[in-house]
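Once you scroll down, you'll see the structures, which are given as structure tokens.
Note that chain A is present in both complexes that follow, paired respectively with chain B and with chain C.
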Partner chain A sequence: MKWMKRQQMIGYLFILPSIIGVSIFFLFPLLFSLVLSFTNWSGPSGRGTEFIGMENFQRILGDEVFRQAFFNNFLYLIHVPIAVFLGFLVAVFLNRSVYMKNALRAVFFLPYLISPIAIGFVWMLLFHPSEGPINVMLMSLGVDNPPGWLSSTGSSMYAIIIMSAWQIMGFNIIIYLAALQGVPRELEEACSMDGAKKWQITRYVTFPFVSPITLFLLIIGVANAFKNFGLIQAVTGGGPGNSTTILPLYVYQTAFRYYELGYASTIAIILFLVIFAITLLQWLGQKKWVHY
Partner chain B sequence: MSSQEKIKNKSPKKINYYKLIMTIVMTFTGLVMIIPFFWMLSTSFKSPAEIFEYPIQWIPSTFNLGPHERVWFGEFSFFTYYWNSIKIAVIGTAGATFIGAMAAYGFARIPFKGRNGLFVLYLMMMMVPPQVLFVPKFIMFDFAGIYNTHWALILPTIFTIIGVFYMRQFFLTIPHAISESAFIDGAGHFRIFFQIFLPLAKPAIATFAILDFSWNWNNYEDALVFLISEHLFTVPLGLDNFVMEFSVDYAGMMAAATASVLPIVLIFIIGQRYIIEGVASSAVKG
Partner chain C sequence: MYFQIFGVYFFFFVLEKLFLLSSRKDLYFFTRFEKLFRVGGSALNSGGYRKITKKGDVHMLSMKKTGFVSVLGMSLVLTACGGDDTGGDNDDGVTTLHFWGGVPAENGPQEVVDEWNENNPDVQVEYSRYVNDDEGNMRVNTALQTGESIDILKSHSPNHLEQRVDSDFLLDLADYAGEFDIEGSVGPAAERWKMNDTYYAVPTNTNALFIMLNEDALEENGLEVPETWTWEEVAEYANELGSDFPYGYAIDHDTIHGIIQNALIDDGFVDENGESNLDHPNVREGLALYYDMMHEDGVMPVLSEQVATNMQPEQMFIDGEVGMYQAGAWRLRMLNDLDEYPRDFNVAFAPYPHFEGQSMPAHHVEDAMSIVAETDHPEEAWEFIEWYANEGMIHLAPGGRVPASEDGPAEEARELIVEGAEDTYNLDSLNSVYEIENTEMIVDPPYQVLDNITQELEMFFLGNNDLDTTIERMVNFHNDYLERNR
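Then we have the complex of A and B:
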């Protein structure tokens, strides 16, 4: 019995390092951030910091850049359903009938592992407005006024959307491919014997079957779209104008370009709430289309 | 003979024909996916005049090594960035794998009071966007004197949350009977962990380590926030720096981009099967 007690104590030792670390580097900063959001803390030392109540939250309501970043972020979200939909199609094709399935799978997955900023700089040149291969190709195809992509306010976000969709698609493909292994062959074959066309089977049998995975990919993708800003920071810095500024980037710039750490914390807390609300909505909305 | 085989035997030729066309179509689509990489590599060897030539010269007329020289031996040397990144990624990954595996074992096998509540707390921590933590961490690190040191990047990654999830997921699949019989034979948790769980979970642990390494290698945001001295820069930050300094040296930019993706591409080529299967199984099971 004594030995069992000792083993129990040893058990705690296994989790203790992780608990201490998570408390210091995740839990405490999270709570600290909440406190900061009610202060006017600026600069690292925060000399002269005062509690200013709800002032930061009121300021957000009138903050033009925040509003723009908020809407930009929702526009940016488009890349998630695009990448999920294309990922599903590619996975269905790869799963159904190709040779070299594993090699192709690897090719599609590679962009996902690669540093977004390294590949962002490659895209930046590909999207070069006057000389980049994409616009040169468009012009040779007869498009007289190809978009300015990253250099114009009207198209910059769409260039970012294309890059991001391209980058996360491979992840979706891999997850779908694994999920498709669970779709019973017999079911699809029975439908095809009954005269259903291939696309009908895909739409009415395969797609509902993997719908929990679709929900999972949408939730993950949307959450990440409110977290990652490295690509945008490196490639456009949020510009031109504020056309590619999204919320996480605005947090970063407020904190580390203008050193308004209190206000940046307030925006970050709002950002957290937005992610939470959207995840919740997706979760509640699943009844309509997700089948278990 | 199952119905499945019957269908196949009816028209084997037709199916293969279809399969061949699909393979060609998907190979073409796949090539389009990785075209940016080819363009990057090919451009990194070009002279300025050749870069935007159309139609695209995939193989440059002369292999110009100048851009790569500027990246590795120029004013901002990638050797420094590589060394910093390797140091951070190796220490961070080793620490995360070890501490994560221990905690995963605890969550999977050791019953203690409040375990489920604690696990839910971990789950919630995963949802917290990193931006929420940047500001408080900046203040804390500045206070503790580790701002603008590599520790600011290494320490938080060691206490991985996703790693605990991933390895716990795998530990749960190890039959209880194995650890129980070891327990009855008098083996303690330490022996069970080191001599049974770690060897059995090698593939899962290796997959996590590879993924974690690539996350650490690609981590740009933390480096951007916590490092300001050039000699401490990691590869992504160094690349960013290079592009800002030499914004019109396109070949140099592509050489720098090539240098920064190279280790991950190599690791992926060697371990792609494990990586892909690891990613797939973690998500589908979870």
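Then we have the complex of A and C:
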């Protein structure tokens, strides 16, 4: 018994450095922001900060910008399944013998490497309401009133969704391509011997085989959709009106433009709970469709 | 510091001994440990795991491992203690002042600092530029908070200054200014920077506000260069010019709230009851006027479209696509550069418009210099600031900056701001813009209110909300804000 304890001690000593690291850089800030969410900390140095109980949480209930950012964020989430689905199709396509396979792979992955700011500017040109190639094409196809894209509140979020899906698709393709190498060829061949069509093989053999990767990409994508706002910041800054403001952008503005750090922490805590809940749902839902 | 090193070293020393002296039972631990490492790892030597279960090997291993841990720990401690700053004093008695500002060094500040350094060998100033956006200002605040050596700071917006004053980052200049009377020499416009009834910063730069006019087009249409004018007249001019240009009138999209600041110039954002003044008749009039100019007359770019397409009104003005461009002296640098931005017309200047019966907006005084509270050399810092405001400023004139202090070389600077393109301007009109009277200072609302106004205006100019709804929503938000911060 005694030496067992000592063994455990030694084990703990070994993981001590990383425990210290995690506590300082992860646990402490997390708990600190939880504490902050009950204070009225404002200003860079937080002079005169007091505990104000649940006031921040009450304020959130009546905060229209928060409400809008919350719903926008869920709308924005749509780009994740789109990018995962398209990424899967492109990866399956690239995995077959395709002409210029490597070059195409690089082309699809490039957007993921480019800074969101640069991407934003290119898309702003493409989405130009009257002279942009997208609307010119739509008009030549006979659409009389093409959407204003970034310049109208109704369509701005969809423009952002298209940009985001386009950007993260490259990452999804690379991950799927790696996963597809693990799908046994024999199985596919056996299926085609039995008379399965190509899409049937993809749907009933390939897709179930890579379903853990799909789950992984969905979880990562959703978590990122609640964290990254660089593209939105660069392209619309949350506008027009508040039509493209999402929660992380609102947290950033509240904290580092208005210096209402107490209130920003409150929003961040809600944000954390939302991500946690969604991830939990995905985790529970996986039993239905993920095969290991 | 030596004590810390010793303490940490001792910790690792004990750790090492623990392993070396441990009995045979340790083998159990190490074999498991090794297993952990090998699972999933490369199977280069799958028999290795069995080999190291021999006692001798294990000892070799533990010594190597813990030795490595000790070195790692040592290096961590050393780097942690290595960041000591040596302060502003060098051994040879030269004081170094660190001066942070948002203007790029090559646009003047470097020349100012060079001139000072040449004449003051005992007090050397080093200039660092920060980017004047939300993120850049956050970095400045973090630097101030963590006591990084900054002695002199230039703030570019009263909102930022207020945050810094509230956090006690800056010194009250009343204790240092001595004979330099800030309000006396800068004039009433300085009040924009007054906080808690005193000054924590000296505004150094008069940033003239004006509307640039395409003079050739005015002449063709038989229009005079106005010496004062109301918003109604601006709309009339825009409509006249609208036939010659895609847009008769344009502004930078991020100054859209200017019309509201202008509307409330005499009555302020908050009325005597402490309620929002955003439902003032002038606000209504100004917004309706802009709306008509955008949608009815089509002589002004629609706000959201301007934002979404990244429209550059200054470039469009130079290219002859905009007849009147509302801007300020900061744009003169671009217009002076005829090689890079060639244009084939002369530019005249009209003052910022005002509402019927209301005051004219005073030119902004900006670039406010402060002494940082943490500095060891407040007197030297003040000396530099005073010299900068009165004499050094001349080096910034080519960027459109005219000294705000009346002891500064304003006349000379006003010649320098147009240098290189004097012949392409109507200089009389520029001078009369600088000498406008009956002015009142504009008020800067807090960022929360400002951003809300911008968002509501975007919705309004898009046609999503009508004027009444827009005003109601702005007033509600403002009142909520006032309530919260009462």
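Methods note: the second predicted complex is superposed on the first by the 265 of 292 C-alpha atoms of A that agree within 3 Å, B and C clash if a C-alpha of one lies under 4 Å from a C-alpha of the other, contacts with A are read in each partner's own complex, and residues count from 1 in each chain.
Following the convention adopted for this analysis, a contact is a pair of C-beta atoms (placed from the backbone, for glycine too) under 8 Å apart; a residue touches a chain by one contact, two chains touch by 3 or more.
Quick caveat: nothing in here was measured; it's all calculated off a predicted structure.
Novice: Once the two structures are overlaid on chain A, check if chain B and chain C clash or fit side by side.
Specialist: Aligned on chain A, chain C clashes with chain B.
Novice: Which of the two partners, first being chain B and second being chain C, lies in contact with A:128: first, second, both, or neither?
Specialist: Both partners, chain B and chain C.
Novice: Tell me the contact category for A:242 with respect to chain B and chain C: first, second, both or neither.
Specialist: Touch status of A:242: second partner only.
Novice: Given the touch rule stated above, what does A:185 touch, chain B (first), chain C (second), both, or neither?
Specialist: Touch partner of A:185: chain B, not chain C.
Novice: Would you sort A:38 into first (chain B), second (chain C), both or neither based on which partner it touches?
Specialist: In the superposition, A:38 contacts neither chain B nor chain C.
Novice: Which holds for A:256: it touches chain B only (first), chain C only (second), both, or neither?
Specialist: So A:256 meets both chain B and chain C here.
Novice: I'd like to know which partner A:66 touches here: chain B for first, chain C for second, both or neither.
Specialist: The answer is neither, since A:66 touches no partner chain.
Novice: Which holds for A:115: it touches chain B only (first), chain C only (second), both, or neither?
Specialist: first
Novice: Touch check for A:96: first (chain B), second (chain C), both, or neither?
Specialist: first
Novice: Of the two partner chains, chain B (first) and chain C (second), which one does A:88 touch, if any: first, second, both, or neither?
Specialist: Neither partner.
Novice: If the shared chain A is used to align the two complexes, which stretch of chain B, 201-209, 219-227 or 237-245, clashes with chain C?
Specialist: The one stretch of chain B in steric conflict with chain C is 219-227.
Novice: Name the residues of chain A shared by its contacts with chain B and its contacts with chain C.
Specialist: 6-7, 10-11, 44-46, 121, 128, 256
Novice: Using the touch definition from the top, list the residues of chain A that touch chain C in their complex.
Specialist: 3, 6-7, 10-11, 13, 43-47, 59, 62, 121, 124, 127-129, 148-153, 156, 236-242, 253, 256-260
Novice: Which of the residues in chain A come into contact with chain B in the complex?
Specialist: 6-8, 10-12, 14-15, 17-19, 21-22, 24-30, 32-33, 36, 41, 44-46, 90, 93-94, 96-100, 102, 104-111, 113-119, 121-123, 125-126, 128, 131-133, 136-137, 140, 166, 169-171, 174-175, 177-179, 182, 185-186, 189, 213, 216, 223, 226-230, 233-234, 247-248, 251-252, 255-256, 261, 264-265, 268-269, 271-272, 275-276, 279
Novice: What does chain C use to touch chain A in their complex?
Specialist: Chain C reaches chain A through residues 15, 18-19, 22-23, 25, 28-29, 134-135, 138, 141-142, 144-145, 163-164, 166-169, 302-305, 307-310, 446-448, 451, 454-456, 458-459, 462, 464, 480, 484.
Novice: Going by the contact rule set out above, which residues of chain B touch chain A in the complex?
Specialist: Listed in rising order, the residues of chain B that touch chain A are 3-4, 7, 15, 18-20, 22-23, 25-27, 29-31, 33-34, 36-37, 39-40, 43, 51-52, 54, 56, 99-100, 102-103, 105-107, 110, 112, 118, 121-122, 125, 127-140, 142, 147, 155-156, 158-159, 161, 164, 188-190, 193, 214, 217-218, 220-221, 224-225, 235-236, 239-240, 243, 250, 253-254, 256-257, 260-261, 264-265, 268, 272-273, 275-276, 279-281, 283-284.
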